[in-house]
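Handing you a structure now.
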Amino acid sequence: MMLGTTPGGGLLAFALALPVLAMLLAFVAGGRQAGRIALVALLAGLVLSLAIATSVLRGGDALVLILGGWAPPLGVALRADGISAVMLLTTSVVMVGTALFAFTSYSGRGGESRASLVFWTLLLGLWGAMNAVLLGNDLFNLYVALELLTFAAMPLVCLDGRAETLAAALRYLFFALLGSLLYLLGVALLYGAYGTLDIVLLSRLARADAPTLVAAALMTAGLLAKTALFPLHLWLPGAHAGAPAAASAVLSALVVKAPFFLVLRLWFGVMPELTTGPAPQILAGLGALAILFGSALALRQARLKLLVAYSTVAQIGYLFLMFPLAGAAGATLAGAWTGGMLQAVSHALAKAAMFLGAGLIAEALGHDRMRDLGGAARLLPMTVVAFGLGGLSLMGLPPSGGFVAKWLLLNAAIETQQWWWGLVLLSGGLLTGGYVFRVLSASMAGPAAAAVAVVSPGRQAVVLVLAILSVVLGLLPLASFGLVQVGRLAP
Amino acid sequence: MSGAWLLDGVLLLAVPAIALASLLSRRVLPALAAFVAYGLLLALVWMRLGAPDVALTEAAVGGGVTGVLLIGAAARLLMPAAAAPPGWPLRLLTALLCLGVTAGLAVAVLALPEPAPTLAPQAAEQLAATQLGNPVAGVLLAFRAIDTLLEAVVLVIAVIGIWGMAPDGAWGGRPGPVQPRLADGSVALLAMLLPPVGIVFGIYLAWVGADAPGGAFQGGSILAAMWILAWLAGLVRPPRIDSLALRLLVVAGPALFMLVGLAGFVVADGFMAYPAAWTKPVILLVEAALTLSIAVALCLLVAGWPMRRARA
Amino acid sequence: MSIASAYGLLGAVLVGLGLYGVVLQAEPLRRILAFNLLGGGIFLLFGVMARRGAGAGFSGDPVPQAIVITGIVVAFAATALAVHLLLRLQAARDEPVPPEEPRA
Amino acid sequence: MSVMLDLFSVLAVLGGCFFFVAGTLGLLRFPDTLSRLHALTKADNLGLGLIVLGLLPRAGSVLGGLKLVLAWALVLLAGAAVSQVIARLAGREGPAP
């Protein structure tokens, strides 16, 4: 198969051009226009990612766009396979939800403010960077996209300008830069070994020789630091809990998924032979530790947003359980692959809902201390229900999307006779139940709390819709997840 | 070439030595001085590796502008009393880890396949279609134009990120600390004499980049350096961050590049393709806009966030 | 050993040194400096790949050379963000602490 | 004629190198900032000047020669400016240890 532009490939250009041009326009127009431009562009983006997903599903193969007519290896291609299409769609949904949620908070009414301009331009920047990561098919192009993502995410962490969040942003930046430099180091070696950085071409050339293995180790280590897999998660709780709720939602739901997505590309695309050795067991082992430690730490947090952030540490762990399970063949592989991607999507929707919900609670009560949450449920019933629905998905209870994801992974663990991963899945679910229950019981105790600010029902509805989407995923017939299998490079 | 091995030998010893000096120096300023020297020596290494385009970039950005940025920061940072160095077990562990990485890289470098895989023949073959003479410009503006475009976007995002650090009351003001005007002295003289030469040189570098070593990044960073010099001497002030002209300058390069890329759907063979008859003029136009935007962005990245609101 | 390999080993050494500084330097500015030392080593490795691929009348493979130019500018943007964040952090620590506001 | 020119080049470049070595020695050995600066500027001005002078006959074209002279002039200008700054700083902070 030579790489050539496929019908519908042109759509991919707009997935880059739309966010970038919208960001540049929002930056120049500033003031009240920034938010409007962002919202319009994001809604158009939702339509665009639906079109891309439909196109991939109909065509039954990945969409490819050769840039400038220069085919790889000399040129660079964009490529959207099933998992790109699914993640593009998830990104759009979460982004639109976040933008609707934040529209009144960062309106820029009464003259341009720092927070409004920075929030909207960088939200658009993050969206463009996510799309570039999801569509990239060239390892160096992906490096630039990853850096774009970091540079857009970091200032959102310290948007409130307090010393504490500035320190968290600096720590995040250091981890992220170290991660991308290790990744870049691997890219240099791969270029030296194969003379191309195109993932599809590399998947046919890759050998298990010294340069390739050293490159794989460095790149994986770098990406794990950026995705915050245990024990490289130290930067995450402070950064995600310190950011404004709308930013936290995007950071936790989407941004940490981008490096994970590249680990998938690397292991199942560039070097499929890696997935058969002992290496996947190590990755999944770290994932298991992340699940247990992250959940246990979430149980002990004194602040709601920190609890939700530690829950992200744990949920990232689940994503890495798919590596030893997807090394199998046939239906088991397909099941583990679908399970892993479904976990990524359902966590994105649930976690966005939970962070936005936590933000609303903090806004209404004036704080997010766990022991003083009493009465929040009477004050914001819709939000607390949304938080609970999101929790349902994280725990993996039916009928949520998280249930189907974890059930598929459990199934794969049993079929490949790796029962220990099944044990991790089950105990992780119990711990998750513990911390979700802690929030629900605390917020349901006592009479309605005194509100320091009024929260509009519209914003509560946005949160509820995101949470419902994460649950509804589990009600779709399994066959509809066939999309994630389209254009897979793995064996 | 009897002298070449001598130069290589000196560089191979001097570069790690100066890196070590920068790493181990007790005080910050000598470490920074060593770093600037490291950048200049690396520029020489790049000449030895047959990459004059990279040598120019490394000297201008890697050593020069980065050096100014770091030294300026060191002057404003109150250095905390030296913290106790980490205990020896941690240092030993880190040293072993780094040694491991170096060893792994060394093994990998020595095990690279012979003959080396290369895209040079393909680049040479396709270069004619770009109507450019400099193969590196061909890669940056045609074959891998998407990297260059995203990178120009990176600069815009970095500018927004740095502005976003402003205290709320200072939004709308001029970026960076106020530089007192140097009325006399040699720096003021330098700041008046050098920019005319430097501006000509910067524009020249950007212009010849299509066919000879140089280009938007190198030219843009020289232009930026000239503005920074005049700014440090108090001769010019950055405009307010809500100035429309300033914002247009920052986005001109990436915006034009993206629009030209989209126009490729209509007037050429697709996204980011150039119309065959107009390839070189269009590339030069894009490069001119990029040079301008890169220069402005680099200035703003050095200057920093707005610190106080300008008086109306 | 070819001269390109020798510079390749130099790159490996610089990466090790830079990494050591990134992990162990306690002062943030020194850590930023170490990041730049590390970056220099990585870019040098790209240069070695370019030199090894010299041919077709070019003194080096232009693709990795162009990659380095892009990389240097990205690294500068990273350095600028880190440096200004550090300066801002110092300024914020000097400011009087505002009363705890509700965080949304 | 060409032998004379070669001889001139070699002598001038060697002379330039001598000033660089002497200047570097001075930088390392002299006790205080001002005398170190003094040593360094000699290397810049005279050392580089002699090297440029020696290379002039080999520049190949008038434009090439002009570029060499321009490089020297720019180094002079930058060197003078930077030395002034350092000297002023040294003066403000008192005699360096």
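Each chain gets a letter, A, B, C and D, in the order it is written, and its residues are counted from 1.
Note that contacts are C-beta pairs under 8 Å (C-beta built on N, C-alpha and C of every residue); 3 or more make two chains touch, one makes a residue touch a chain.
This structure is a prediction, so every number in the text was calculated from the model and none was measured.
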Result of counting contacting C-beta pairs for B-D and A-B, higher pair: A-B
Geometric centre distance via CA averages, chain B-chain A, whole Å: 31
Inter-chain centre distance, chain A versus chain D - centres from mean C-alpha coordinates, in Å: 57
Gap in Å, rounded to a whole number, between the CA centres of chain D and chain B: 28
Cα-centroid distance, chain B relative to chain C, in whole angstrom: 12
Residue numbers of chain C (touch at least two other chains): 15, 45, 48-49, 52-53, 61, 63, 67, 70, 74, 77-78, 81, 85-86, 88
Multi-partner residues of chain B (at least 2 other chains): 101, 105, 109, 112, 116-119, 123, 143-144, 147, 151, 154, 158, 161-162, 165, 167
Complete list of chain pairs which touch one another: A-B, A-C, B-C, B-D
Partner chain B, residues of chain C touching it in the complex: 3-21, 23-27, 29-30, 32-34, 36-37, 40, 43-45, 47-63, 65-70, 72-81, 83-88, 90-91
Residues of chain B touching chain D in the complex: 185-187, 189-190, 193-194, 197
Chain B residues within the chain C interface of the complex: 5, 8, 12, 15-16, 19-20, 22-23, 28, 31-32, 35, 38-39, 42, 45-46, 48-51, 53-54, 57-58, 61-62, 65-66, 69-70, 73-74, 76-80, 83, 85-86, 90-91, 94-95, 97-99, 101-103, 105-106, 109-110, 112, 116-121, 123-125, 135-136, 138-140, 143-144, 147-148, 151, 154-155, 158, 161-162, 165, 167, 215, 217, 294, 298, 301-302, 304-305
Residue ranges of chain A touching chain C (in the complex, touch as defined): 74, 105, 140, 143-144, 147, 151, 154-155, 158, 160-163, 166-167, 169-170, 173-174, 177-178, 181, 184-185, 188-189, 191-192, 195, 244-245, 305, 359-360, 362-363, 365-368, 452-453
Residues on chain B engaged by chain A in the complex (per definition of touch): 101, 104-105, 107-109, 111-113, 116-119, 122-123, 126, 142-147, 149-151, 153-154, 156-158, 160-168, 171-172, 242, 244, 247-248, 250-251, 254-255, 258-259, 261-262, 264-265, 268-274
